[in-house]
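Two complexes are shown next, each including subunit A; its partner changes from subunit B in the first to subunit C in the second.
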Partner chain A sequence: MNKVMSDKWFITLYILPAMLLLGILIFIPLVLTGYYGLMRWDGIGSMEFIGLANYINVLQDGVFWRSAGHSFLLALFSTLSLIIYLAVAMILASKIKGADFLRKIYLIPMLLSSVAIAQLWIKIYNPSNGMLNEILRGLGVQNPPLWLADPNIVLYSIFVPILWQYAGFYILIYYAALKGIPESIVEAAKIDGATPIQIAYKIKLPLIMGVVKVTVVLAIIGSLKYFDLIWVMTGGGPNGASEVMASYMYKLAFANNNFGYGSAVAFMLLLITLLVTLIVRKLTADKEELQY
Partner chain B sequence: MGRIGYFLLYICLSIVAVFQIFPIVWLFLFSLKDNREIFAGSPFALPSEIQWQNYVNVWQGGIGNYFFNSVWITGVSIALTLLFASMAVFVITRMTWKLNKFFLGLFMVGLMIPIHSSLIPLFSMFLSVNLIDNPWSIVLTYTAYNLPITMMILLGFFYTIPREIEEAAIIDGASLHRLFFGIILPISTPILSTTAIINMIYNWNEFVFVNTFISSDRYKTLTVGIQNFVGQYMTDWGAIGATLVISVLPILIAFLFFSNKIVDGISSSAVKG
Partner chain C sequence: MVKMKAISSFAALAALSLAASGCGGTDDANVEGSGNGDSGDSATVEFMHLWPQGSSAEHHRIVNEIIDDFESENSGINIDLQVLSNEQYKDQMTVLSSSNQLPDVGMTWAAGYLDPFVNGNQFAPLDDMLEDGLRDEFVAGTLEAYEKDGETYGLPLELNTVYVYYNQAIFDEYGLEAPQTYDELEAVIDTLNENNVEPIALGNRDRWTGSMWYMYFADRIGGEDALNSAIDRSGSFEDPALVEAAAKVQEMVENDSFASGFNGLADEEAKSMFMNDQAAMYMIATWDLPNYTTNEDVPQEFRDNVGYFKFPTVDGEGDTDSFVGGPGVGLFVSENSDVQDEAKQFAAYFVQEWGERAVSEAGVIPATIVDGEDLELPDMYVEVLEDLNQATNLTLYADVQMSASVAQTHLDLIQSLFGMEITPEEFAEKHEEALSQE
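Entry: the complex of A and B
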């Protein structure tokens, strides 16, 4: 039996397809990105080694840092919005009839492609005929905002569909975690005279802290690499007001054929993502494991 | 909590539900209206005369081709991902060998990689083997990038398969291939279908890879194809609405039938820590 279950040929044969695909299409490209960053290269012609020049330029590139700032702002919004999602999940998990149905309704936007969501919200935000401004005009607003065309508010306008898209996802995760809390703990607190607010804040929240930390990491990482929706809605405009790290990199490589510099930006995106993951994990590391 | 308290909670939950659902309802409504009605009427009004013509127009305009590409690329990628992922997870969880922890770790690292950090080398690799503007570049990429998450969902289930099942099969003289294809895969159907649906949502909605690797219209999938349509029907909102509805309908229909599977899959794919 043990001999059969350690058949080397069989193991090799079965692990090989997954290993090759992952190695060739994920790990090797990752290393190559860092390597291409050392080159001057238009993507077609021959490469010219220029050392760390691209990376030094990225560090001094105002457009890159402005884009990074937008990415971090989105990460901040996303993290703060977790509070709303958590509150909704708390309500949903408090013996509400139809909770199962409601959380499915909340999840629907998450199933749509970012492209479809972007196109839909372009229509919603359309200054003259969009749903939003029609409602605002109906309420008597004289000059409703231009939303995506106004550089001062474009980032906020983009964030609303992001909030809309991911709400159901986070509510679902929090709801599942809250449902995992044993009823006896909550009952005991009630008998001791705790108010619903106290139960939510002092008992339920600490018990699902592990899940909350995971979602903070997910929200921050997800925001730092956000691309599809912004690319379709504004292309980073107007005038770079909604440019993020990924869209800047994409423009450099695939619109300007600046593959070397684009790779350096892509590598910075990877480093920043890994670094932030590490920092967030460290900051939220468990000091004491709560158990029930 | 008193009655009024519960009433207020329901109001809150209903507001969230309306916020989540209304934009989609509005989309369905304007996909069935003509421009005159969209621009002049209330956004909440039902269409006075249902304009199926919008759907006929975009279908004749060639959206069927994008739709077909999305279907086969999504389907083939799901099949390959599920096969390769379950093969790898089988030998990692069930076979006795030294490097299984190492390979497991390697696959899980794949979960953390942002796709934009590997996009440029992928493009130049596909270019050098003539796979740019070839749908197989998309199938290969989807398969590879969905492997880690699929393996992660399968892992928990495969660990719980009882040893006795394997022992009985081997003693009966079954080969390892027979054990895997004849016994392990069939008993894994529930978890495999969960991963299939999660893969379907990812593949159907993917945009960046197709936008980067495919340039000919005949190979484009819906997510990139609808971009062309929106450009083409710039001012015809009804047609754009119909295009978007066609692109999201398969996923919504899948959700109608498999909502529990989707909920399971999404929760197990998220809490990976």
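Entry: the complex of A and C
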């Protein structure tokens, strides 16, 4: 077996199917997208090469940077909410009653499709007969907020279901990581007189730090390229108040028939995501990995 | 650590896969084939339409029946059918045309939507089919919406005009009558507001809904040509009448005329408010007539209670017989079709069969001339067909007249205008900016 695995030809052979798939589905379209970004193209007729004009326009496009700002805000909130998920996972992992049941409940939003979640929250947010405003009115609020229509709060209104949607996913990851910590270490800490807070903060957290870093990267990347709920719930409106990079890109290509510029925006989105990922990984790089 | 790096960079790359998201429309599409694999001389004409059985049952059935009739009358031709829902259909059109794979016959929208397809030589000119009398079967002004550079690229199937519908029961309760003038409309709105009834349901997340209100003000204040000439650049959006129209829209918003949160509501939500007696009025085009007349899924009591009025005159100006509206979808024939003759034959057959059946069975006002007298139609249809005969002008929806990117700017500006984020002057200025960049 070892002999087979050290033979370069066999390695190549085993990697080939996955490489081909990745190449055809990811890398080639990626290069093509960058290439289309150099064109003036309505997606239907012939292309016209215009050099870097599209990319220069993206850099000067106020709407794009505003959308990017919204995407980064979502990334910030997603990352902060990881703290809550981690706390919930710690409580669930500490052998409380019904932990199994609660874990399943938290996972339910993950099982729903984004469009179903969006429809659900559109109903909840309905200004005149939505659940939320009915409750607020019941509590005596005279003019409850117009959740999806007010440009000042629409972005935050959509963040709530987005964070809710992914809560179960991160809780599950943390839960699994916490379950992997050997019981003996926690026992030893208890005997030494550590409080539950100390155990969580000084023992469990450092031991699962590797997983936490991965989730931070996942949350940031997921937020920067986020699309579905925003598209279904507001379409980026009112007037761009909830536009993010991906919805802007989609609008340019499919609503404005401007595939050249849309591709340029898509490529910028890729570059920004790559750059942010690199920065985050640099910042969280650790010389020594803790072992148990 | 290497593994982690692999995971994160893979996830980053996945960001790009979104760029291809538009290509996935066919998965849940409702694909049907006519399926009798004749060999020999038979030609197969691919036909794609956007009326799935679920959401447009009557349309779907009529289309299938017309296809069956056509196939039995022309034994050599098979129709290969593909059905997609509206948004998927639009995405599919873009994707197919970029690889020269449009179906032989399909549906298109008028004016601005046509531009890239005509410029890209995707649609065949249809004037040769119109010569032998077919042209005269269309209502005047409908074919023109599908013309580019003097050639016709589509055969319109529908014709819709926009009215304000109102709930008679609510109006009666507060002793109101259908307004004839803008002042009367304001009085109606004030009375409704005093009694805590939402006056007008408006789903302005979709933006074209608000555009119709603006267009009517523009028509009444500036006359039938003001908006058209601003769009075709012989005039300007800074025309005082068009600025005034935008100001009127904001005046209505300030008077709480529209249901609260309208900028966050979809048209469907606004419609459901109106149909559940939660709002007194609702502006929509005649494609919704079945809901107020024949649709058995809507309670009889509600249908009996719906009336409509033409958009009122504003400050004594305007002609109530001038309508906002236009043809909806039309048929195109692909320029790259291998069976173009058969495709044209089918398209012509379809348009001729469609008219009468569409209005009597599906409640669609067709773009072909139909004599309403001979058909058993609900009163509202007879009146609408009558109004069409007397119409002095039909202004095509602004977002349809404009090219795709200007249309998006227009629609976004409409949302800002209704949301009081910009002044009428800025509204005009930004339109000028977008149009002059064309």
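The working rule: the second predicted complex is superposed on the first by the 268 of 292 C-alpha atoms of A that agree within 3 Å, B and C clash if a C-alpha of one lies under 4 Å from a C-alpha of the other, contacts with A are read in each partner's own complex, and residues count from 1 in each chain.
Methods note: a contact is a pair of C-beta atoms (placed from the backbone, for glycine too) under 8 Å apart; a residue touches a chain by one contact, two chains touch by 3 or more.
All figures in this text were calculated on a predicted structure; none of them were measured in a lab.
Undergrad: Based on the superposed arrangement around subunit A, label subunit B with subunit C as either clash or fit.
TA: clash
Undergrad: Just subunit B (first), just subunit C (second), both, or neither: which does A:G45 touch?
TA: A:G45 contacts subunit C only, not subunit B.
Undergrad: If we overlay the two complexes on their shared chain A, which of subunit B and subunit C does A:G240 touch? Say first, second, both or neither.
TA: Only subunit C; A:G240 stays clear of subunit B.
Undergrad: Is A:L148 touching the first partner subunit B, the second partner subunit C, both, or neither of them?
TA: A:L148 sits against subunit C, while subunit B stays out of touch.
Undergrad: Using the touch definition from the top, say if A:V214 reaches subunit B (first), subunit C (second), both or neither.
TA: In the superposition, A:V214 contacts both subunit B and subunit C.
Undergrad: May I ask you to decide whether A:N256 touches subunit B, subunit C, both, or neither, giving the answer as first, second, both or neither?
TA: Second partner only, subunit C.
Undergrad: Look at A:Y125 in the shared chain and tell me whether it touches subunit B only, subunit C only, both, or neither; answer first, second, both or neither.
TA: A:Y125: touches subunit C, not subunit B.
Undergrad: Does the superposition put A:P109 against subunit B (first), subunit C (second), both, or neither?
TA: first
Undergrad: May I ask you to decide whether A:L30 touches subunit B, subunit C, both, or neither, giving the answer as first, second, both or neither?
TA: Both partners, subunit B and subunit C.
Undergrad: Which partner chains sit in contact with A:I91 here, subunit B, subunit C, both or neither? Use first/second/both/neither.
TA: first
Undergrad: Which of the two, subunit B or subunit C, is in touch with more residues of subunit A?
TA: Answer, by number of touched residues of subunit A: B.
Undergrad: Superposition on A: which subunit B stretch among 97-105, 115-123 or 241-249 collides with subunit C?
TA: 115-123
Undergrad: Can you give me the overlap between the subunit B contact set and the subunit C contact set on subunit A?
TA: Touching subunit B and subunit C on subunit A: residues 25-27, 29-30, 33, 43, 129, 210, 214, 218, 221, 224-225, 227, 246, 249-250, 253-254, 259, 262-263, 266-267, 269-270, 273-274, 277.
Undergrad: In their shared complex, at which residues does subunit A touch subunit C?
TA: Interface residues on the subunit A side: 25-27, 29-30, 33, 42-46, 122, 125-129, 146-151, 154, 210, 213-214, 217-218, 221-222, 224-225, 227, 234-235, 237-240, 246, 249-251, 253-259, 262-263, 266-267, 269-270, 273-274, 277, 281, 289.
Undergrad: Can you check the complex and tell me which residues of subunit B touch subunit A?
TA: Residue positions touching the partner: 1, 6, 9-10, 12-13, 16-17, 19-21, 23-24, 26-27, 30, 38-39, 42-43, 83-85, 87-88, 90-92, 94-97, 103, 106-107, 110, 112-125, 140-141, 143-145, 147-148, 151, 166-167, 170-171, 176-177, 180, 201, 204-208, 212, 222-224, 226-227, 230, 237, 240-241, 244, 247-248, 251-252, 255, 259, 262-263, 266-267, 270-273.
Undergrad: Would you tell me which residues of subunit C are touching subunit A in their complex?
TA: 1, 4-5, 7-9, 11-22, 90-91, 94, 97-98, 116-117, 119-122, 198, 204-205, 207, 259-266, 269, 273, 278, 404-405, 408, 412-413, 415-416, 419, 421
Undergrad: Would you mind writing out the residues of subunit A in touch with subunit B in their complex?
TA: 1-2, 4-8, 10-11, 14-15, 17-19, 21-22, 24-30, 32-33, 36, 43, 88, 91-92, 94, 96, 102-116, 119-121, 123-124, 129, 131, 134-135, 164, 167-169, 172-173, 176, 196, 210-211, 214-215, 218, 221, 224-225, 227-228, 231-232, 246, 249-250, 253-254, 259, 262-263, 266-267, 269-270, 273-274, 277
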